[in-house]
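Next come the structures, one after another.
Each of the two complexes below includes chain A, the first together with chain B, the second together with chain C.
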Partner chain A sequence: MRQKVMFVMLALAMILLVRNLYTISMLPDEVNQGQIFRIIFFHLPAAIAAMLGSAVALVASVMFLWKRNFKYDALAVAVTEVGLAFLAVNLVTGSIWAHVIWGVWWAWDPRLTSALICWILYAGYLILRQSLEEPTQRATFAAVYSIFAFTDVPIVYFSIRWWRTIHPQPVFFSKNGSFPPDWSRALLINMVAIFLLYALLTMVRLRQEQTQREIDYLRRTVHAI
Partner chain B sequence: MRSVTLTPFIAILLQAAYDPIREEIGRLRRNFQGLIWGFVAAWVILLLYTLMLTARERKIRREMERLKSMVEETEKK
Partner chain C sequence: MRFIRQVMVITAKDLRAEMRTKEAINASFAFAIVVLLILSFAFEPTEDTTREISGGLLWIVFLFAGTLILNRSFARELPNDCLDALIAAPVPGAALFLGKGLANFVLIFAVEIVALPVFGIFYNVRWARQFWALILVMVLGTWGLTAIGTVFGALTVNIRLREVMLPLLVYPIMIPILLGAMKLSTELVAGQPISGDLMVWLKLLFGFDIIFTALSLVLMDTVLLG
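So, the complex of A and B:
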């Protein structure tokens, strides 16, 4: 059943993305940026997916510390790892956009810097997990670290409001947003497709984490016999 | 005398170098190439991560089968 749900999710995400690619290519160019503005259709959904993932990781980490149930730890590591891939998509597409529009690959701007710090923090979470052998200790340390890492997420989100920044101001989910309705529709469809992909990859990673736990149990059984 | 004969050529060269239409075409081309690279980069990152997941899945399955057979053998003994 779970396998079927995953196949349906993958098919739906692919159909939406391929169909939307045509819609996006048919949109008129943005007046100041030209064609490169279309990168937002991947850049923004990847960022939102990664941020939502880190929020889920935060909740799962708190739940693990509270309930001491390893399924929350598995969920936290699954969403964090997938989120890291999506945040990488966000950073790389943003860098390519910056090279075309600003003429530089990178600027130490508050938004860019805080997003990079966020990526490094969550990469540190995965490294921390690798370095600890004992499962309970690993899950506890990782949960505490994940809660600490999440403190950077609001900074990433609000950085363009709190500080002067060269990063464009929000055009979507904002009062001053200037996104035309047909562009917003295309962006929403891409967002749904990217969220589906995120959920699908998280499910795969979660299953791997559960199997890994079974492997650990079997190893202990073999040693006990 | 030589400078007089060269002047039109230099003028033509300068005109060619600052051709606004060619410059605009170049800008549009760079813009389009950036867009393509952006899309390619996004998909390559996701594809690489998916391949990483697939490789890990295979490794986990092999390990699981190995351990199961070990448990069965130990129980038989």
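So, the complex of A and C:
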């Protein structure tokens, strides 16, 4: 059943993405930026997906500390790992865009810096997990770290509104957004596709984690005999 | 009342242990001087441009020196299984956190207070023009570093490569604190009062001190028993 759901999700995400590639390529160039503006159709959904992922990781971590069920720990790892990959997509696409528009690969702007901080924070989460052997201790400490790390995420979200920044202002969900309706539609569809992909990869990783635990359990049983 | 007494007992115990050996505080202060010396090669120490980044330099020194003290805080409890005794003692984790945290704060602040004039002499900076405001920023900044450092000191104490893991894990989490402290210190060392735009940074510092302290108080039990 679960496998079927995953295949359906994969197919749906692929159809949406391919269809959207066509739509996006048919859009006219943006007046000031030319071709490169199309990167936003991947840059923004990746960022939002990663940010939602960090929220899910927070909830899963709190739930683990509360219920002590390893299901939540597996969810936290899965969502963090995939989120890290999506944040990397966000940083890399942003960097490519900056190279074309600003003429530099990187600017130490609040928005960019805080996104990079988030990436390093959640990379630290994975390093912490790697250095702990005992499953209960690993899950507990990782959950504590994840809760602390999450305090940084709101800064990323608000930095663009609080501090003066050279990063473009939000075009979505804000009053002075200037996105034409058909662009917004393309962006929304892309967002759905990328969220599907995120959920799918998380499910794959989740299953891996569960299999790993089963193997550990069997190995321990064998040793006991 | 009982809680406050428990906190004070742990703080006094830690400070007494440190005062008898002086191992962490001496090493930390010596390290601060070494870092100040090395940073002087990276920048022309007496130029005006260096003064513009003085707050940053100062907090890098404080951070590195503080890490040594934070690393020792729980590692000191490992010989003779003192840590197990502390956890088994009828003291809540929150009291243990506050006790250890206060002791760490006193030690790190002592190193900072001594390192500050040395910094002023080496880098030819008249740092005392906004003395009390600078002290306020140092207290807020140092408490933020200490709160996070104390919890993660407890978390990393049994991990392989403890000395590396602590800074690796806590420096990114400390960034909001360091950012605020660096921005404010640079202006204060240059003689500017805290006003206008700078208030945002002070609020940031306050806000994160409260968030991190609250999180630490809640999660300390989990870390100790995990």
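FYI, the second predicted complex is superposed on the first by the 225 of 225 C-alpha atoms of A that agree within 3 Å, B and C clash if a C-alpha of one lies under 4 Å from a C-alpha of the other, contacts with A are read in each partner's own complex, and residues count from 1 in each chain.
Here is the rule we use: a contact is a pair of C-beta atoms (placed from the backbone, for glycine too) under 8 Å apart; a residue touches a chain by one contact, two chains touch by 3 or more.
All values reported here derive from a predicted model rather than from experimental measurement.
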item	value
Clash or fit (per the criteria above) of chain B with chain C on chain A	fit
Touched partner set for A:149, first chain B, second chain C, both or neither	second
First (chain B), second (chain C), both or neither touched by A:137	second
Touching partner for A:65 - first (chain B), second (chain C), both, neither	second
Touching partner for A:46 - first (chain B), second (chain C), both, neither	first
Greater chain A contact set [chain C / chain B]	B
Superposition-derived angle with apex at the Cα centre of chain A and sides reaching chain B and chain C, degrees in steps of 10	110
Touching partner for A:127 - first (chain B), second (chain C), both, neither	second
Shortest span in Å between Cα atoms of chain B and of chain C, once chain A is used as the common reference	24
Intersection of chain A interface sets (partners chain B, chain C)	none
Residues on chain B engaged by chain A in the complex (per definition of touch)	27-28, 30-32, 34-35, 37-39, 41-42, 45-46, 49-50, 53, 56-57, 60-61, 63-64, 67-68, 70-71, 74-75
Residues of chain A touching chain B in the complex	33-36, 38-39, 42-43, 46, 82, 85, 88-89, 92-93, 96-97, 99-100, 197, 201, 204-205, 208, 211-212, 214-215, 218-219, 221-222, 225
Residues of chain A that touch chain C when the two form their complex	65, 117, 120-121, 124, 127-128, 131-132, 136-137, 140-141, 144-145, 147-149, 151-152, 155, 162
Touch list for chain C against partner chain A, complex	148, 151, 155, 158-161, 165, 168-169, 172-173, 175-176, 200, 208, 211-212, 215, 219, 222-223, 226
